[in-house]
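All chains are identified by letter, namely A, B, C and D, in their written order; residue positions are counted from 1 within each chain.
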Amino acid sequence: MDLNEVKKLARERMKGYCGICRECDGNSCSGKVPGMGGTKTGSTFKRNYEALNNVKINLRTIHDAKDPNMSTEIFGKKIDIPLITAPVTGSSINMGGFLTEDQYSDDVVIGSINAGTFAMTGDSGNPQFFIDGLNSIKKVDGFGVPIIKPRENEKIIENIRKAEESGALAVGVDIDGAGLITMALHGQPVGPKTVEELKELVSSTKLPFILKGIMTADEAELAVEVGAAAIVVSNHGGRVLDHTLGVAEVLPEIAKKVKGKITILADGSVRQGVDILKYIALGADAVLAARPIIWGSYGGRQEGVELVINNFKNELKQAMILTGCKDVKSINETKIVNLNK
Amino acid sequence: MDLNEVKKLARERMKGYCGICRECDGNSCSGKVPGMGGTKTGSTFKRNYEALNNVKINLRTIHDAKDPNMSTEIFGKKIDIPLITAPVTGSSINMGGFLTEDQYSDDVVIGSINAGTFAMTGDSGNPQFFIDGLNSIKKVDGFGVPIIKPRENEKIIENIRKAEESGALAVGVDIDGAGLITMALHGQPVGPKTVEELKELVSSTKLPFILKGIMTADEAELAVEVGAAAIVVSNHGGRVLDHTLGVAEVLPEIAKKVKGKITILADGSVRQGVDILKYIALGADAVLAARPIIWGSYGGRQEGVELVINNFKNELKQAMILTGCKDVKSINETKIVNLNK
Amino acid sequence: MDLNEVKKLARERMKGYCGICRECDGNSCSGKVPGMGGTKTGSTFKRNYEALNNVKINLRTIHDAKDPNMSTEIFGKKIDIPLITAPVTGSSINMGGFLTEDQYSDDVVIGSINAGTFAMTGDSGNPQFFIDGLNSIKKVDGFGVPIIKPRENEKIIENIRKAEESGALAVGVDIDGAGLITMALHGQPVGPKTVEELKELVSSTKLPFILKGIMTADEAELAVEVGAAAIVVSNHGGRVLDHTLGVAEVLPEIAKKVKGKITILADGSVRQGVDILKYIALGADAVLAARPIIWGSYGGRQEGVELVINNFKNELKQAMILTGCKDVKSINETKIVNLNK
Amino acid sequence: MDLNEVKKLARERMKGYCGICRECDGNSCSGKVPGMGGTKTGSTFKRNYEALNNVKINLRTIHDAKDPNMSTEIFGKKIDIPLITAPVTGSSINMGGFLTEDQYSDDVVIGSINAGTFAMTGDSGNPQFFIDGLNSIKKVDGFGVPIIKPRENEKIIENIRKAEESGALAVGVDIDGAGLITMALHGQPVGPKTVEELKELVSSTKLPFILKGIMTADEAELAVEVGAAAIVVSNHGGRVLDHTLGVAEVLPEIAKKVKGKITILADGSVRQGVDILKYIALGADAVLAARPIIWGSYGGRQEGVELVINNFKNELKQAMILTGCKDVKSINETKIVNLNK
């Protein structure tokens, strides 16, 4: 099995849900929520892609970065590549249903570890999905991170307890799920959180706490204030609000304010190794990838996920060689030209 | 009946007139006047859409705007959402003729009120259309606003008298209709108005007087000078002059000059809730919507209009939650990034 | 016969040469020289179109420009609209051959005068085409302007003598024809001209002398220096050199240097009345139109030319009403927003 | 045989590998490596094209550049046009295999000389390809330049020795081949070079030494420091790293730093004569062309290569006439408007 076969199979199995397009830029799937697209006109998904494309790379080959070291540490754990699998649920509703929810979460959680990193798992209007993710994490002795929807604090803390029992590495809330009005209709209200509510969540656990869905420097500073261990700079892949800025556009200002005070993860349109390099050069400590991992699972199951991540490694290594980065720390703003703004 | 059914039916009934495209951006209908498009190359219609797309939203979820209040007051009347149905005529010539003119005006006038707002009605080369609109307004005890073409002052004042008799909330002139040379050919000349002529119109009635079709700060100041109660920042949906700027581009400078001195309504490419939030953040007090309301009427009659407006409410609420706006007053320039210019 | 019929017939008769596209922007015909397109990638043609589209119009309707006066004076002659028919030859090679060269030149020369303006006629590798144009001009008692290719001065002066005999209003050289290497192959070398050579041409006649093909401020100043009566700011419709700037981009700087010292004509992508207003607001005294006039001739012969020019008048009048320009002198930079640069 | 026939035949023979598109802009072939496209999304290839298109030409015709001299000197040799054939290998894998590798290298090496310039030849994972190129160079008494992949220094020096034996004009390394991880898999590792390693290479031969693949001003200065005779500003036609800047964007800053200290060659999207003029105006001494030469060889063999280069001459001459450049030295920044940045 190679990556082309994986993509070919995934394309068949996700027909009508994802075209696995030559350029995965949010155009052909715009408005497909549920599905794999961005919400409404899809402009936020597209903007993530365009903003990242507006970051250009300085090709350099007179140096000694002949065999770059790609490893880094997140929450005290070493990973072989600064890329983490993003939390995703909804195999049946969003991806076409070739896999059950637990098959999907096993694929990505186990596959990610085999490839030298780890996965986040998600939460949903169907509470079983959160349990499915936790079960997968248990199978790998807790080397994973469950992300909880911004439910009422009491409910979140219940889920944090379950996460702790699974031995999870960290826990988090994708606070940008606050606009999912439909979850309230299913008796599971979600919403924004005040600083006080977030402090209660952070202090409820000894696990590192992640806030996913930060898109402004002011809220990044609030994340530091409430004691979060990490933020994920993310607009939920363009799936919750149309017409926001792209992640690559807001990341530099966020990094200027909180870099070093909190772990910064970037999530949006990561499609190849060079995208990882770009986000790190813009200020991230590591990135999240979602859609390519889904293709891996749908096209090649656990092995497909490993193939996808190992391909990211090959590509990132090549990009680091061609930009003169001998390790992750060397990836900085001199390696790019940021054409945003 | 749901919104998808309404759109599907409308697409069939407006075939050849409006594609109800995935992105209603003025491309496929360019030049279709009569019809639903922008005049000539359609660049003004397209520009409205692009300029509004260039206004980006700051996603924020650390706050207490958990249940935003969307209501506002226009001409002393409370409405549930800062969105008013725009004046439109020409069901047969522009929309395909599935509905008669009076059916259309009943749909939008009554449907708008049922959904918690109100409608403006229009005027045309066929003077009966103005009467049709007034008749609809009478049916709802005057909770509507007739807009008159920029005819000779004497004719306008006749129509203002009729508006007063209908108990209308306010009255106005869409002064950007000044270029409709064809109306002169039908013995009903229209044209621009001097400051003196406008003063005569304003002083001829006790109703709040609206000037629709303002696109520059200097004319917004003239609107204040002549005593108008409101302006509609509008280029007539791109249907009277090719190659003007977009409404979202000119609005901030206009607001800088007249905000607080006159009610500012914005009209151009409002397609979803977040667009309302954008225009208000740029300085508007409320917005007008036209094409989505037409789809509602053509696809689902009065109920369709209600569905469309209620959908705007759901979307606006979600957008206010995801930007931290607890009420309409909280929607300001910190909620957006304006990339125009 | 109306304009739509004219266009429909022209589209049939120019099949394979010109699509008379909804937007005549140089895309579908790129590289078609001979033909109607821009040379090579067509980027200069496209750039003319885009640069003019980047000039936006300020819609204004609070004023007294109710019946604008469109007339102006060129070379001492009053014309009803500041638009002149551009010199074009090559009916068979460029347009498809439905008309002979002399039919075409009669159509445009006589049709232009009937519509209240006049035409320029052209020159070519086939010297008969110049004679055809002169013959048409003779038929209207000289109310036209022959434009000569930048041949050797002796040859140009011969042609100037013929122009004088025809009673022509003025005479000129389209100096941007200098790169037509193929003319040399036919024994009719063309080339650039030095200041001295141009002075010789200017002093060889009492007729106003026009330099067509100026695209920089420095050469506009040289045109003044050599004593030319007028320049045409033009890149030959994108047909001689790929990748130049658009006419609307270079015009303001040229006008800043020579406005008032020399008549400034602008030539490039004039498709509708508002385009005339734009070029004049950017500094031109009048504009040239080519492709729409060709469509008029091919679709409706002399009457078609008249229909096209009269349509320009209706459109320009409407544009002047909607921008508050009561006469041509009132068209200035306050009427536009120039987004170029 | 003329150029259109050559292109037509090439299109047939390269079917599935190269469309020889109307605009060769990297869109239809994106991701086709092997093949003729840019790597991954093809953005670097496309960026080369766009960045060069963003350089506009000042059309000027009042001057005495009536018969421009296009010749220049490179490595002490006079060439008739400042254009050199770029090193390319992989006839079977990249171009479709209609020609064998040695047929292709003979075509371009001999054809280039017949047309008044010379060719570079390449290196590859298949070491025979380097020998094929050298053999072609021997046939023309060494009037050519072999370019070696950035192998281990020992291997490069072996190849330099062979180049010296062939009588080559100069020798070089395409250091941007450093990221070709696959070559290591075939037991032929490549990689970046330190300053010391480059000094060793330069001092190992008396031939002028060329560094191909420089994209930043700092590495251009390092090239001067190590004693290279020339750099090729190049991103390998977009084939080694996605998302770099275009050559036309980085060239001016590079020229500002090293112009006059080292020969500057520019390589990227040269498709017509005016592109040569642009790159020289931006600071290059001469340019490289690849894809058009391949079309010449595939469509018309050695004669096709000559036709392509002679066509470049006609186009460049015309461009020099229309910009007032009487010789290559006269081509400078006053001839262009650089819209990049």
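We adopt the following convention: contacts are C-beta pairs under 8 Å (C-beta built on N, C-alpha and C of every residue); 3 or more make two chains touch, one makes a residue touch a chain.
Since the structure is predicted, the reported quantities are computational estimates derived from the model, not experimental observations.
Touching subunit C and subunit D together: no chain. Fitting subunit A to subunit B on Cα positions gives a rotation angle of 90°, stated in steps of 5. Here subunit A and subunit D face each other with different sets of residues for the most part; under half of the interface numbers are shared between them.
Centroid distances built from C-alpha atoms place D farthest away from subunit B. Mean C-alpha position of subunit A lies 41 Å from that of subunit D. Between subunit B and subunit D the centroid-to-centroid distance comes to 57 Å (mean Cα coordinates, whole Å). In subunit B, no residue touches two or more other chains.
Pairs of chains meeting the touch criterion: A-B, A-D, B-C, C-D. Subunit A contributes residues 30-31, 40-41, 43, 47, 150, 175-176, 178-179, 181, 191-195, 198, 213, 215-216, 218-219, 222-223, 235, 240-245 to its touches with subunit B in the complex. Looking at the complex, you find that subunit B touches subunit A at residues 22-23, 53, 55-66, 271-272, 274, 278, 314, 317-319, 321-322, 324, 337.
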